[in-house]
Amino acid sequence: MDAILLQIFNGLDKGSAYALIALGLTLIFGTLGVVNFAHGALFMIGAFCSVTLQRLLTLSHETLDPTKLDFLGNPSKIKTPYIVEWFGADAGNTIIDWSVPLAILFAIPIMLAIGYVMERGLIKHFYKRPHADQILVTFGLAIVLQELVKHYYGANPIQTPAPDALSGVMQILPGVVYPAWRVVYFCFSLAIIGGVFAFLQFTTFGMVVRAGMADRETVGLLGIDIDRRFTLMFGIAASVAGLAGVMYGPINAPNYHMGMDFLVLSFVVVVVGGMGSLPGAVLAGFLLGILESFASMREIITLIPGINQIIIYLVAIVILLVRPRGLMGRKGVME
Amino acid sequence: FTNEPTGNTVTLGFNVPQSGPYADEGADELRAYELAVEHLNGGGDGGMLNTFSSKVLDGTGILGKKVEYVTGDTQTKSDAARASAQSMIQKDGAIMITGGSSSGVAVAVQGLCQEAGVIFMAGLTHSNDTTGKDKKANGFRHFFNAYMSAAALAPVLKNLYGDDRKAYHLTADYTWGWTQQESIAAATEAMGWETVNNVLTPLAQTDFSSYIAPVLDSGADVLVLNHYGGNMVNSLTNAVQFGLRNKQVNGKNFEIVVPLFSRLMARGAGENIKGIVGSTNWHWSLQDEGSKAFVKSFGTKYGFPPSQAAHTCYVQTLLYADAVTRAKSFNPCDVVAALEGFEFDGMGNGPTLYRAEDHQCFKDVLVVKGKENPTSEFDLLEVVEVTPAAQVTYPADHPMFAGGNLGTCNPGA
Amino acid sequence: MNVRPDFSKHANQAETAPAFLSVWDMHSYYGESYIVQGISFNVHEGEILALLGRNGAGKTTTLRSIARLDDPQVNKGEIWLDHQPLHLMRSHQAAVAGLGLVPEDRRIIPGLTVEENLQLAQIAPPIGWSIDRLYELFPRLGERRSQEGVTLSGGEQQMLAIARALARDIKVLLLDEPYEGLAPVIVDEIEKTLRHIKEQGMTTVIVEQNAVRALQLADRAVILDTGSIVFDGSAAEVLENESLRAEYLAI
Amino acid sequence: MFGLEKKDLNLLIIVALLTMLAPFILNPFPTDSALAQFNAGYPDLMQRFVIYGIFAIGFNILFGLTGYLSFGHAAFLGVGSYSAVWMFKLLSMNVLPALVLSVIIAGAFSWLIGFISLRRTGIYFSILTLAFAQMSFALAYSVLTPITNGETGLQITLDDPRILGMSATADGSIPVTNIFGLEMRAATDLVIGPWSFTFSVGYYLCALVMLVAFYLSIRIFRSPFGMMLRAIKSNQTRMNYTGLNPKPYTLAAFVISGMYAGLAGGLLACMDPLAGAERMQWTASGEVVLMTILGGAGTLIGPVLGAGMIKYFENIFSKINEATLHSWFDVLPDPMENGLVWVLEHFVGAGWHLTLGVIFMLVVTFLPGGLVEGGQRIGRLFNRTKAAKDDESAATKPAE
Amino acid sequence: MGILEVKDVSKRFGGLKALSDVNLSVAQNTCHAIIGPNGAGKSTLLNCLVGKLIPDTGSVMFDGQSVLGRSPHEINQMGISRVFQTPEIFGDLSVFENMMIPLFARRDGAYRMHAYESVASEKELVSRALQMLEDVNMADKRHMHAASMSRGDKRRLEMAMCLIQEPKLLLLDEPTAGMARADTNNTIDLLRQIKDSRDITIAIIEHDMHVVFSLADRITVLAQGTPLVEDVPERIKGHPKVKEAYLGETAHA
């Protein structure tokens, strides 16, 4: 019983990552109609925002310590972060310890700026172009972003640990413990999802963007500057992806190709949810997360060998065959 | 024979992963190759040439020909690796191909070299198959393998954790993972451990939570992670997140074992690696003359110590050059003959034998542990034990290595 | 920049009242195809102008050019609406400046209900008729307010398109074949509406194949043929001029 | 001739000449010169050019004509390779039966997947094909290892039965793929002064197959069937109300392109008898999509150009390393040399992906029709300067 | 017994009853017009005939066979062609190619594919297509990209595409809407001529009374989903109910 409960938690937790990435993707893909293969790269850049912040915070003042030798037999260097020098050891180390949550503040402006530049500089020219062209250009962009990150940060994963206070396990139900940060991630993604929904629900923004997607020209005729809204939408989507990345860091160490790892999966999630449907994307994210978790249970793998490898795709196929437009897709969107 | 060097230079092909998850490892391998070429051509401080037991190399290249090299990107895909090797052979006239950072690639390129008639000096490849089921006459492996890891680890694990343990394996679902799991399970069961479970995880898995969670109440008290690279970093991180290291099961501390370690990956795993036991082919902190010489020349040139991948690649290059020089011929068949049964020392792992039957090197294996209090960013592993070669040697017809056929050496057209 | 060009030497000298909407030497292209080839005409405040011509004459292109849509590109020429230089604007700015276009294929926005289609028109200022008032004018739309706009019948869609234009406070209404697909009774009704809003001071340009109907409604007419103006004068004149009608309108 | 119109015939002849003379054309630089790095005229790469050309030509029949964007075509390539290698293992090293089997198996497999996936359109179709291909990949990589040899890839070994051939050659090595005794690996070198050109049997076999494939694709493009496919892309509703059922047409296009992919996969295995699971991964499917769009989807020659371009970068740019760069700019003063090398280093060797990414972005942004459009623009530039001389006012003409 | 028999057809959209118990019989070789206010259900009725919609109740017989349950392409192969209210053409193809597709569809049926012969080699079909383009005055536009035509031209093209199939029953949904007067007259002539020279039945929806009264042999007036009256044109013109519901005061032919 506990095992099943735990897998449900795992599923929710995995699902919240899927849902969050799919949410950003569907904002661009389902609402703006752009097949954005660079979305994974945005997620990755978010994660590297926290790597960068961590590096900035630990920028160090180097002194030579002649009593210790390094691997070549030279006096070794002692590093003291400037932060520690300025704020004292306690405060300084606490700031460093909390670098991931702090990175949220750091990442929002960066992601908005990246989204802005990306949309104005590139994507803008591709709204009317075929999806295939969008794929080519955003894939090219994804490669470029990825290679740049690789160039500066290397190919190995880089740990961005959660603050000490949140890195242990916590008791979520009697007898069931679960990693604290994963619980945080789950709550965080619910908050973001809720925020985005509220924004689109309680303002006319969502309707305008949807209308603009369906028929830019006519919306322009009604006096609405749709370009500006598209840009903003793109910025929001980029930020959602980025924040998903920032908070994901402590779960799995960021590396330069983590975006590509999620890309295909997030497309599957969006499509299974149904094009143009935000609730669909979120629902599909959680559903696939939970199913994936169950499929990785030993009992099930022994029953059907290899099921854990293909479960997501299998479910996607079944759902798309049973429900032509995914779980909650709207008619005519990218059919 | 293929690509017989006619001018006053000889070209070697360094085929390493430059893109993909193992790019950093590939970059380190490339550094080692460049260093080896420099040393062979008489540049630098000579590195291991000074400590190598065979003294025929004199810094004038190979057989008097200056060593040149070409590089390529394997992308850690067997197709791309073969394409890259093909171009080195067909276009650049490479006489020997070396490198790689995964067993799949090593086996694929080894097969190609056999067909094309050039020598393949494997880089980092740990699967039993490379010199087992898939061995080839033209291919040679200096790196150790899963069986040797297991043989070296088992006694240490028994010392550290006792002989009454229940092990839970998570295994990457492809050939390397399987051979390692098989080897470790066999070795640990031989000393009394019980394998309660083995769960295969998809290669593309990034979040291992749903595999780790069941470990909590499986009754197991040891978790063996048969993962490498990014998989290893993630599964280990997840295992620590779930609090496995602070758990008590069956009245014992829960332990995690990562049979194949590398320092680069250890860095990726950060804090989580502390106190975790595993095995490795070589580590820069070794204090023998060969290792010291290599670390010194590598460290001086690049500013940081070499990885085990760099070490094995460097050594392979020297071994090849040495074999050619001793054979006085670049003909692959002569080189094979010179390498088969070759015994040497001074390369960092003690006295070593290149066994003729399967072209596997037999040498000391290091059992290491994640260091609790690292003094620098490179000082992540401490050597727990150096398991002597004899203890990890197995008969050439061991069942885990059965099924292959070395064939005959192919000198090509 | 904000000075009105002196049209007197180009435009119809007979007109004395100041033009409200002026198009001067406008050249429009679809990619490489040169469609509107330098036309100039004026529309006065409160007047209805009929823009006539055969299929493919360039009527739609002219209206789209005035509305500053991305396609066609206006490579040369000036367009002024009530002292505002439309030719320097993009379509949404032109709309804010007071231009309303009812496009030829109605362009009801898919995925939006009738009511949402109307709401959409009232997001950007200036806002015109209230939605309730529009429902009064077109009761059918009121009945179907929560139906998806594109599933309306052809005539209903046309009503929605006109209603949507009126939902904004516009100075000039450009109508591209507003009667198309409408039952004669509805045409009557729409014509009544147009007269009604004309009385309230609306300036209108109407493109219509049913030339007679349009001419009965209009004060003035402009006839286009392969992208050039071949006639510019009073509507009555066209109705009377047999040869003109036969040559360019086939009636 | 060949039932082609003049324009198409010219294209075919040009392509035939280019492929036949490729060993010369692709090796423009003397072997020992610094620029020899850019030579691509060695058998393996030339084979890849034409084989991926076939793959892309086939893909274009589906995507370029019908607009159905499949993200799973690599699965058929992989299946083709596996079938061919199994033929080598079981039957003989003759490539002919291997090719036949790979086309048949890939055709059957694509029929199955197409039949199911084509029940949906647009992005839903793409994701269905992607899901099937990823499943095939995952299974081939691990669960089906007995058939596919998993991660390592299926190789021929000394112990294979090869009932119509021999398990091992007299001297104990693995026999070589051949066509009725003519070995694929056989090659002759032609040395002219400092130049050296290699003519390999394998390449010419691939080139011939590619020409046939290309010829067939021209026929398909110009046929009523091809026109129907374009009509489907343009307006399925009209298609239905004109009395045509789009489904069998799209399925036929899907299967044809699957068979092309299988043929390409089979040829890959013939040239180099190894079939790896990565060939089926989504990135491989993505690659053929990129090739087709890069070259110009829906054009005849575009996909081949795109394939050539991507493979060129993958194989040539990735091999340029720092040392090579230094050797090129040796003559420059040191600071300049180092500066230049520092900049270029990002784009070659390990940075070849970066170059590829930048090229993708540039091409698609500035040449919406792909490389073919680039060619057309250059052509038009010539024509225009010529026309402008004839008639100054030709630039602006009324539409009709 | 007419060639087309519609019996008790009803169709609901949610709460809206778009068609209720429609009965209609179209005799062979006649032109039957369906008129009625906007939203009366005329297009819906046509949609039920061609398989785009499936009626909730009732039956539709064509040439003695039921069309219900058949897919649109099967119905077309039975001999019914349709012109839509918003032109449905192959926008990415040239005008000439637009004409060839219906020809192939007729000759080869729904499934036979010719992947090897070239289009140009089908001399006979090509000349028929060119002839039809002549007939509708579009010969000079045959190389044009269909999507970049003006809308009146698109309509004419769509009608030509239907005519070239020589259907037994031609369904026209506002074929002359937005067409210039001259072309409207041409179209009327063309339809008349075809009706006289061939074995064809036409059902037409049109708001242009000039067209209706020039062509129709019988007229059905549909209002709110039910037939109001059905009669010959002369009597419809003066019918008070029709005047009120549909024609209005200014109605003129």
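Per-chain residue numbering starts at 1, and chain names A, B, C, D and E are given in the order in which the chains are listed.
Definition applied: contacts are C-beta pairs under 8 Å (C-beta built on N, C-alpha and C of every residue); 3 or more make two chains touch, one makes a residue touch a chain.
In this text the structure is predicted, and so the values were computed from the model without any measurement.
Chains touching both chain A and chain E: C, D.
Looking at A-B alongside A-C, one finds more C-beta pairs in contact between the chains of A-B. The chain with its Cα centroid farthest from the Cα centroid of chain A is E. Centre to centre, using the average C-alpha position, chain B and chain C are separated by 77 Å. Distance between chain C and chain E, defined via averaged C-alpha coordinates, is recorded as 30 Å.
Averaging Cα coordinates per chain places chain A and chain D 34 Å apart.
Residue numbers of chain B whose C-beta contacts span two or more other chains: 23, 27, 173, 200, 202, 204.
In chain C, 30, 33, 56 are the positions where the chain touches two or more neighbouring chains simultaneously. Residues of chain D in contact with at least two other chains: 138, 141-143, 353, 400. By the touch rule above, chain C contacts chain E in their complex via residues 30, 33, 54-56, 60, 104-105, 140, 147, 151-156, 158-159, 177, 180-188, 209-211, 249-251. Looking at the complex, you find that chain C touches chain A at residues 67, 69-70, 90-93, 95-96, 100-101, 103, 107, 109-112, 116, 119-121, 123-125, 164, 168.
On the side of chain D, the complex with chain B involves touching residues 39, 42-45, 48, 138, 141-143, 145, 149-153, 155, 157-159, 168, 171-174, 176, 185, 198, 272, 274, 276, 278-279, 314-315, 318-319, 321, 323, 349-350, 352-353. Taken in their complex, chain A has these residues touching chain C: 204, 207-208, 210-211, 214-215, 217-226, 276, 330, 332-333. Put simply, chain B touches chain D in their complex at residues 18-19, 23, 26-27, 30, 34, 69-73, 77-80, 82-84, 86-88, 90-92, 102-104, 107-108, 111-112, 114-115, 129, 134, 173-176, 200, 202-204, 405, 407-408, 410, 413.
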